[in-house]
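In the two complexes that follow, chain A is the common piece, with chain B as its partner first and chain C second.
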Partner chain A sequence: MGCSNNMNKHAAKVGWLLASPYLIYSAVFFLIPLFWALYLAFTNWNLISPEYETVGVQNFLDAFFSPSVRAAFWVTYKFMLMFVPIVIAGSLCLALILHHLPRWKGLFAVGYFLPYLASGVASSIVVKGVISYNSPLNQFLRDALGWDIDWLGSPILAPLVIALMMAWKFVGYYALLFLSGLESIPKEVYEAAEMDGAIGWKRVWHVTIPMLYPSFYTVTILAVGLMFGIFTEPYVLTGGGPEYATHTWQLEIYNQAFEKLNAGYGTAVAIINSIVTFASIFVFRKVLEKWGGKHGWE
Partner chain B sequence: MAGSKRWRVGLLYALAVVVLLVMVFPYLYMVLGSLAPWNEVDRKLIPSSLTLRSYEWLFQGGEDVVPRPWLRAFFNSLLVTSASTLLMLVTAVMVGYALSKVKFKGRQWVHNAILFQMFYPSIILLIPLFLIVRYFGWYNTYWAMIVPKAVNLWAIFMYTNFFRSIPDELIEAAKMDGAGHFTIIRRIVWPMSRSITTIIFLFLFMERWVELLWDMLVVNNEKMLTLNVLLAQMFGPYGGYPGPMYAASVLLTLPILILFLLFSKNFKEGMQFILK
Partner chain C sequence: MKKRKWFKLASLLLAAAVAGTGCQGQTGKEQEQKKEGSTVQIEFWAAPNPTQQAFWKKMADRYMQEHKDVKIKVSPMPESPSSEAGIQSAIAAGNAPVISENISRGFAAQLSDSRAIVPLDQFEGFDDLIAKRQMKSTISTWKFADGHQYVLPIYSNAMLFGWRIDILKELGYNAPPKTYSEVIEVGKKLKEKYPNKFLWARADLVKPTWWARWFDFFMIYNAASNGTHFIDGNKLSADRDAGVKALQFFADLSKNQLVLTKETKDPFESGTSVMSDLGPWTFPYWAEKFPEMKFNEKYVLSMPPVPDGTDPSQAKTFADTKGLVIYASATKEQQQAAFDFVKWVYSDPQNDLEWLKETNLPPARDDLSTNEAFVSYFEQNPQLKLYAENIPNAIPPMDNAKMVELQELIGKEALNPVVKGEKTPEKAWDDMEKAIRGVLK
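After this line comes the complex of A and B, so read on.
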């Protein structure tokens, strides 16, 4: 009895000791900033002055009527509308290609994953070059088709360029998710479908895609969540322009807090951002689960 | 019938290769842009000759007008990323082991706290985190870039799940032989998790290496900037020097690429564990 009691004490000591890096880290870099943020959001502090006062919900009211916050709100959904369908269709196609390759599957999977390694800054430099005025692409469009396109000056093309860049980066990663989904579909399902006459594209549409529901679910939620955290690409490529067309939440928070030094207001915007993120992802989850439920997925 | 099947497989490979070219194209464009004569950068797809001028320009620290310590920035990135990644790995193994193999009161509580925190939007913490780091006097130091990124919740989560798959009997047997927990981690658990460690290491290193917002906030001394931040800041001012910008991009991409290709042997199994 005494021995086991000692053992338990020893285990508790070792357990807490091993977990201590996490506990200390979370206290200093999670709990304190969390409560500080909840306080800051109700002040008018400017990051420098020693004096400031609490202003109630003024920051939240200001944010609600601010054109740049409203822009960030809508721009996120615009990015979603462009990015999510492209990246899902693209990664599903890549996964189908990989799945049906008889050989070198791993080699191609590694190749498709390479864009994920790119820094957003480096890929922005390449994109800036590819769409610069005298680039081979624009020369070709001008000479052959007579199109003179100002890619980053257009409120539709600028976000599309960024959405495509991000799709390029993530398509190979999401393809791996779809691939593991494809590999987990049992052969019997295909055999049964073949008996019913489902072959070729019919089989893809009526058997493979509904069976992939768990992968669709994961990829969609990941892709939607990603759209609330866009920073690097618009920061270096467009600065949020033209006319707020690529002005994301993170850009707005960064501008307010660290360019205009409105720390209190910036924190309030960050809180609004996370509420909107939570709510949006919640709605997406419910919609997807309803769709899945209709097709026999719990 | 056999002929039609062969034809279809051929088409599939052709498609796979075309997709591969699309995925690799920006990297090729970057490398060619860094080696092209300066009057051909962004004007010709295939340069008429190759030159190292952009790299020389970079290693000399740029033009007299806007000199920048590019090599120092590369070194900063390497130091910050290695230190941060190493700490994230060590802490994740420790905490993961505690949560999966040490039975102590409060374990479930710690586990739930981690799960809760993982889904918490970190953007709220950005401004107060900056204030804390400034309060510690870490503004413009390596500490600011390393310590707040010394623990990674996702890595803890991954190791906890992996260690659970190691049979308890193995640990008990080692304890019978008089081994303590730290010996068990070093001698048994750590060697067994080599394949998952490579993939976790890769992801952590990669994410830390391309961090922009945080590194940009806590450092403004030119000598302390990471390569990613320096490159982002020179986007406008170096607009007239696309060649060196491509060379710097190559410098930024190469370490990750080499690391990834070194570890890509375990890539598929490792990913399968992570994506589960």
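After this line comes the complex of A and C, so read on.
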């Protein structure tokens, strides 16, 4: 009995020792900054002044009544409405095409994955060039169709451009998730469905898509979460404009903390952003799980 | 019992974490300095571009050869995500350098407001440095509202307008226009001949981006107001009459469809527009990408246009300028050693010449266009001569800690709606004044 206790203690020590790098890493990069941020959000510190005061919940109240924070809140859902359906439809189609490729499946999959690795700044600059006033695309639209489009100056087109650009970037990555889902559907299921008369689109709709539920779940949650962290694309392309049409949470936090030196207020906005992100993902998860439950996925 | 063990373990982890972060605050620096005996260690942050780093490394090496008691470590300032944010984070973490360059007057105002930098005019030998570098006039506009000088300007780009002289000649002009009505006249002729060309292509005119105001509003406002300060300390001191005239100019450009506010790639170089705000940093880019852009053949330079009835030869402009600051977190000994190094660098105009050759950025000196040391350089680079001549006519950014908010309001309340035709210049100015006073109170 005593010997077994000693062995358990020894195993526990070894366990703690082995886990310690991760624990230290988490403490340094997550836990300490988290508590520090919670404290900072209740102060008016600008990160550089030797003096600052605690201001209670003032930063949070200011954030609730700020037009730019309200804009960031709604803009995120606007991006979600554009990006999530586009990226899911795009990546699913791409995965279906890759799945049915007779050869070089891996090569094509890697090819479509490459935009995900491209720097956000670089791809934003490329997009800026493509939709520039004097680009071949716009010259063609003006000369052939008489359309003089202000891509980044329109409150409707500017978010659409960013959503499309992000969809291009992420479609290859999400397609890999769908592809692995497609590869794991047993052939027997299709054979059984065929015997029941499910062929063509019926087969896709009634067999493939329900069987891809785990992939849908993962991709949707990843895509929704991504919308709360958009920064580089609007920073480079629009600066959040026009009229706050592309003003995201991260832009607001960056502007406040690092441009206007309102670090305390910026941290309060970051905390509100985390709460909204958590709540939104929670709601999406519940909805998806309910839908999955109805279709036999518990 | 178990709880106590948990507590011990958690404390141990936290202690290890703190030690592991390598936090090297002021104490760390002091200890390091003691170890080195009588040698004073200075950390110098150079701008994050290779040419400026190379210049400061060279200067530091030469200085250390002559001064064995000083050790200068030159490194690029972190850009995460901007150099200002990098400095801010370093100060917060207690890792600020002793001295850094690449500081604009606006950011210096934020730093001085938080007592993160020290006034340079309190160092022994400051007046001597200003006299030796011939920068009395240039630095006079840098004085902060509290009467101190916190930044030593290194370079000053007196922002100019470039004009496509080849296209102007086609329209029958041999020189760029100098007054508002002349500019509008050129624009109208341009539209008659080339309906698809514009006078000025600048998407930022309809964006509230705060720093963009330096290269549109402040160029035109400084020229119209003879350089009257927009903000003095914590007070709005702008010249309303000149400001409304400047806004009216933007309104007229827009009304006559002379400005293109859509994103455009290289509009000036491609001839989509015939006028552009230009800094000297453009020329190395052109030499590489647009070798056909030759001075006096394809383009000429001019000071910003002025309202009708104003003498164009007296025009002022905006100074895109950055300088050196010394941080308050350094020890007195380090601060003095850093200042002595700066004084040594600027006591010889050959060092400024070396800077100019290396970076193409005009040193902030009153005598840049007249000093013998620079004559041959400007003969070889004539496009930079007008920049050099106008250094004393260039007004640096405002010295207010709320500069970002204030310049954002100039865009939001005044310039953007005027260009979009949503407000009259008078209403736009009044709305902007009201909003700015709200921030300043």
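Points worth noting:
Keep in mind that, in the parts below, the second predicted complex is superposed on the first by the 273 of 298 C-alpha atoms of A that agree within 3 Å, B and C clash if a C-alpha of one lies under 4 Å from a C-alpha of the other, contacts with A are read in each partner's own complex, and residues count from 1 in each chain.
Simple rule for what comes next: a contact is a pair of C-beta atoms (placed from the backbone, for glycine too) under 8 Å apart; a residue touches a chain by one contact, two chains touch by 3 or more.
Quick caveat: nothing in here was measured; it's all calculated off a predicted structure.
Partners chain B and chain C, brought together by superposition on chain A, clash.
By the touch criterion defined above, A:132 lies against chain B and chain C together after alignment on the C-alpha atoms of chain A. In the superposed model, A:91 lies in contact with neither chain B nor chain C.
By the document's definition of touching, both partners, chain B and chain C, reach A:258.
In the superposition on chain A, A:59 contacts neither chain B nor chain C.
Of the two partner chains, neither chain B nor chain C is touched by A:246. In the superposed model, A:28 makes contact with both chain B and chain C. Within the superposed three-chain model, A:16 lies in touch with chain B and with chain C [touch as defined at top]. Comparing chain B with chain C, the partner in contact with more residues of chain A is B. Stretch 74-82 is the one among 56-64, 74-82 or 362-370 where chain C clashes with chain B after the superposition on chain A. Chain A uses residues 16, 23, 28, 32, 128-129, 132, 134-135, 254, 258, 263 to touch chain B in one structure and chain C in the other. Only residues 8, 11-12, 14-19, 21-23, 25-26, 28-30, 32-34, 36-37, 40, 94, 97-98, 100-102, 106, 108-130, 132, 134-136, 139, 168, 171-172, 176-177, 180, 228-229, 231-232, 235-236, 249-250, 253-254, 257-258, 263, 266-267, 270-271, 273-274, 277-278 of chain A touch chain B when the two sit together in their complex. Across the interface of their complex, chain A is touched by residues 9, 13-14, 16-17, 20-21, 81-82, 84-85, 88-89, 91-92, 110-111, 113-116, 201, 203, 206-210, 260-265, 267, 270, 272, 401-402, 404-405 of chain C. By the touch rule above, chain B contacts chain A in their complex via residues 9, 12-13, 15-16, 19-20, 22-24, 26-27, 29-30, 33, 41-45, 91, 94-95, 97-99, 102-107, 110, 113-114, 117, 120-121, 123-132, 148, 150-151, 156, 181, 206, 209-210, 212-213, 217, 228, 231-232, 235, 242, 245-246, 249, 252-253, 256-257, 260, 264, 267-268, 271-272, 275-276. Across the complex, chain A meets chain C through its residues 16, 20, 23-24, 27-28, 32, 46-50, 128-129, 131-135, 150-153, 239, 241-242, 254-255, 258-261, 263.
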